[in-house]
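I'd like to ask some things about the structure below.
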Amino acid sequence: MNKIKIGIIGGTGYTGVELLRLLASHRNAELVCITSRAEEGIHVASLFPSLRNHYDLSFEDPSKADLTKCDVIFCATPNGIAMKHSPNLIDAGVKVIDLSADFRISDVDIWEAWYGMEHACPERLSDAVYGLPEVNREAIRKATLIANPGCYPTAIQLGFLPLVENGLIDASSLIADAKSGVSGAGRKAAIGTALCEVGDSFKAYSVSGHRHLPEIKQGLQLLTKQVVDLVFTPHLLPMIRGIHATLYGKLVGKGLEMSESELRQIFVERFDSEPFVDIMPLGSHPDTRSVRGSNHCRISIHRPQGGDTVVILAVEDNLVKGAAGQAIQNMNLMCGLDETSGINNVALIP
Amino acid sequence: MNKIKIGIIGGTGYTGVELLRLLASHRNAELVCITSRAEEGIHVASLFPSLRNHYDLSFEDPSKADLTKCDVIFCATPNGIAMKHSPNLIDAGVKVIDLSADFRISDVDIWEAWYGMEHACPERLSDAVYGLPEVNREAIRKATLIANPGCYPTAIQLGFLPLVENGLIDASSLIADAKSGVSGAGRKAAIGTALCEVGDSFKAYSVSGHRHLPEIKQGLQLLTKQVVDLVFTPHLLPMIRGIHATLYGKLVGKGLEMSESELRQIFVERFDSEPFVDIMPLGSHPDTRSVRGSNHCRISIHRPQGGDTVVILAVEDNLVKGAAGQAIQNMNLMCGLDETSGINNVALIP
Amino acid sequence: MNKIKIGIIGGTGYTGVELLRLLASHRNAELVCITSRAEEGIHVASLFPSLRNHYDLSFEDPSKADLTKCDVIFCATPNGIAMKHSPNLIDAGVKVIDLSADFRISDVDIWEAWYGMEHACPERLSDAVYGLPEVNREAIRKATLIANPGCYPTAIQLGFLPLVENGLIDASSLIADAKSGVSGAGRKAAIGTALCEVGDSFKAYSVSGHRHLPEIKQGLQLLTKQVVDLVFTPHLLPMIRGIHATLYGKLVGKGLEMSESELRQIFVERFDSEPFVDIMPLGSHPDTRSVRGSNHCRISIHRPQGGDTVVILAVEDNLVKGAAGQAIQNMNLMCGLDETSGINNVALIP
Amino acid sequence: MNKIKIGIIGGTGYTGVELLRLLASHRNAELVCITSRAEEGIHVASLFPSLRNHYDLSFEDPSKADLTKCDVIFCATPNGIAMKHSPNLIDAGVKVIDLSADFRISDVDIWEAWYGMEHACPERLSDAVYGLPEVNREAIRKATLIANPGCYPTAIQLGFLPLVENGLIDASSLIADAKSGVSGAGRKAAIGTALCEVGDSFKAYSVSGHRHLPEIKQGLQLLTKQVVDLVFTPHLLPMIRGIHATLYGKLVGKGLEMSESELRQIFVERFDSEPFVDIMPLGSHPDTRSVRGSNHCRISIHRPQGGDTVVILAVEDNLVKGAAGQAIQNMNLMCGLDETSGINNVALIP
């Protein structure tokens, strides 16, 4: 079988180097082009010595690179870039997987309000498929443009999904207390992500409103006729990778009558055939390291003290299931490959 | 003025060495005795080189030490020890400050259920004053036995207190999503607190029920006639010191009509004269390092998206305001000293 | 091709779980047995949730397990165990790779002096091949018993090797200032490796003499007729994985006449065909994360200020090239497989 | 007694906030002015919430601030700034303590070569006293301009000093393998100090030549008639504070005849009356946390295997004894105060 020709736009960030790490062991994919305005001409292994002997490729200027020779393009760019490149690429027959937020929100007004810029191609929003395979697998297979979900939204939607779908919790009073490793903030020169500022410390941020809020609400709203509302509190962990979402829902209706074990069973059944969603045994507390470098989302379900609040714990690696791994999962689906190809490695413990 | 003679029972743990650190710069206190069964005869500075040149004292066997020569005894022992020592000491005229949980719960049945042992002196429980100065200052001044609050309960009670006292939130559906540095687990040989197990990772624990739950509920229940109920989810942070409590309350009654700024004002007024509770400016996100090594609890108040949930962020150093610092604050009150004496240092940043 | 049947004795430590991680993606190997006295009957994925869905195997009691059905056995046990199991296994036709120190020192008196116990099978020491492929590749291919090198000795020998072989430095005054992540101390309940003790701190240890010293000296002595002597100073890094060896040698003879670039060229030529030794560009400072989870050893060569001291920087992942990865590299060689099979993944950055 | 009036130029970096932390508990000092071009008008506690309730002062523009009202000015500025401000301040009768490198090197050509700029006031270099109290105490008492030593040079000079002074090691072949926490790189927006780049990793840097090299050589050269030469290898630790210097010297002459204990005794005697140099017991390995936040330098002496290399381990907090604490120690000496005033706190453990 011929290898799929891959291009990466904007490969100098953490999602870019994670794509490179995972694609290096993907048997059916071959990187043929990677771009970066700032690092043009630099060998990828000069920037990331971990890639030495794995790639022989240098960054190209995006305006000069011939990206249409690719079968699939990953946009690992800051918000606002992919929406400029994608229309031409798609029209040229290239499949595009956007890891930024440009195509995640279907309502352009909401997108523009939260992202503070004008959308470059609102007419393409309806073509974009939200790349959460556990919800949209069949649509993803046929898609030409994927809006790869945000890191927080992936964990939070997967954690709430079976309860919201089945009307077991009050969708209008959800709470997501989420914690992320610093790599979620991207690779950039900034005091706010310096080791001396965020190491050995912990804090919340953007409590008044984080850009992933409308994405989460949109995703959950599609699952229920109830009005969805959410308090979403992001926090910054003194570590590199990993998201832990602690989710709170008020049990209602049948949910109130279900034991912890029965609630867990709802999850087991919903995700039974999912290769990357792992429902932990009763009483578990998944740790983020159990998914470090892997594409799994591990979830456990609690009903503390038998009260009317269900507590869901969901962990993922923000750079894998929360970004590059899920993007490759989407590529595998779009290209008719084994869904787990290249992303079925074991997490790095310790 | 004569210095107060201090004794410490069980000085080899993290609260013990933190007492030693703080007392070394306390002008009105003098350590005269420190005990440890395991380390009898060992110089304190042999165990903790940070204390070299600050103390010239060795650990004594608790059964041989003459503790009645002390004015104040701190019990920095595991649960179940202080309740055996305290009655005799108090009867001999010594003031006792217990940093363990032995005297924190006034209902002996609840205590025995959560702590899994028989209480040695239930008749003394009513003599114990719960050592949260922001609630019990006057009682503390006159007390002979202090139940020094737990680390989580301190941050969580201070964070909910003004809202519960004023009936602004529904006390029956509180959520406390709390995160602690590993020092909260104490100083002991255990795989579960090894750097390779909890470093660079994050997880929840004891979601089904943590021993601090009844203590928090008891404390908040004293402030209101509503029935208090709480979901309390502790998590373990990959760092040494610091607690961050993210608290969620459903606004009710007048609370629903109050802006974020007005809600904050309730806190400002309640803690106006408190030396160690710091209400942050609107929109703040206190980080735990801002209280690293200091006795402050910093609190900020949010009402995200103007919704009906108030979000309180409260940080403290679990070993200072959550343990040794608060114990010294109580000692200062009991002994008629300046309340801030010895514990007014600046946090260590970076 | 039939898969090689693998057994692991003592699979509950960090080298054990690392073997499991790597073997999970090895196409020609199949784990058929894993033992642990303490965890008998426990599923491997119960102990290490990262392995969920990758293995369906429980720990067996080593005295009950039929290990002779295996083609290759890895001993990932504490020192002193492998020497008891190995003779019978080898006699039964099983290839044994010992990740402990039992067969690393050919002089039994030296071994017994440093390891403080009597050797159980000194007559087998001469059968053991020291498993450093860069030195002993051909012997490894034919071996039935491999003494897998220690973590420090791997990095230090590789770093000094070309200089000692070529007589470019004074072998009698070597200095190895080496730093290791905490996983090098193994997985066990101990105060000394608790996050609160070794996190955010750094120290040397065993400066008076570390067990890896005789192993390093023995290895280097085989390369030269000069008398080898070494000062070896191990340090503990506040991190999980990774060894950084900073090596100092006094240039002599031709070495004194060589530029930094010429010295580097000696390394390039020596390791030209080595799949896992990477000589970095001039002026480089390899970081340990560049080999996190990978089997590479990256080396750079410096001659600061043009003085007569050469400084070699060598990094490896102590659990991979310093333990489990190198063990699999040895297995690949012993079994006639591609030497890089199962261990050619990219390091995890960030 | 009147308090000494303190000014700080450039108070927004880590040495600036550390000066603020320490001065807050100094009984004889009062901060009256702090400047920052970038943060003019911002309250110090807005930038550093740890200072809330400790200071009521905002940053002033350095060109507008009246610094001559101060008794002592600390320059906590990047290199190249203090040399512009100092002459006028000194001429106006203000004592200046420069924490940057501007006055550390007495040979202006060497300074200009290493720092890459022209010196603004070479005629003042001879007035500057190198502020290492253990060497220059009497000169410091009388000085008007202090060149506060660099962080690495403090630990390395103190560690080698007794051996070089007494001619016990070959001063021409010293090796200093030094490791620093990231705060040594200062507070700035830079990828190179981001948590995701330097966390959980370790590397050497500037092996070809670091600016502290000429400072160390100059300091040691003043102690001996031998020619001093040094290989200095700095490394970056994945932690915030702390320097660990591992020092290697070849014993010569009488040194060769001395036992580890006798060598240690040389240190004990040399530093007998020093309040901030602590010679550890035989066999010790000081950890950096034992000086976290304190002004001590702890040193231990080893002669491994009885060989001819002595190994010195020296730890300090780079921001305290390596910067702000030593600066205050110098201020105390210059102003006739108790040398330990304000800097005698216990290190923060854990």
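First chain written, first letter: the chains are A, B, C and D, and each begins at residue 1.
Convention: a residue touches a chain if its C-beta (ideal position, glycine included) is under 8 Å from a C-beta of that chain, and two chains touch if they have at least 3 such contacts.
Please read these numbers as outputs of a predicted model, since none were measured by experiment.
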item: Distance-maximising chain from chain C - centres being C-alpha averages; value: B
item: C-D, A-D or A-B - pair sharing over half of the B-C contact pairs; value: A-D
item: Pair joined by more contacting C-beta pairs (A-D or B-D); value: B-D
item: Whole-Å separation of chain centres (CA-atom averages), chain A against chain B; value: 39
item: Centre distance in Å when chain B and chain D are each reduced to the mean of their C-alpha atoms; value: 36
item: Separation of mean Cα positions, chain D and chain A [Å, integer]; value: 46
item: Residue list for chain D, restricted to those that touch at least two other chains; value: 14, 183, 187, 196-197, 199-200, 238-241, 286-287, 289, 292, 350
item: Footprint of chain D on chain A - complex, ascending; value: 14, 182-183, 187-191, 193-200, 238-240
item: In the complex with chain B, residue positions of chain D that touch it; value: 14, 17, 20-21, 24-25, 48-54, 183, 187, 199-200, 240-241, 278, 280, 284, 286-287, 289-294, 296, 298, 319, 344-350
item: Chain B to chain A touching residues, read off their complex; value: 173, 175, 177, 179, 196-197, 199-205, 207-209, 213, 229, 231-233, 235, 237-242, 244, 246, 248, 250, 283, 285-289, 292, 302, 304-305, 307, 309, 311, 313, 315, 350
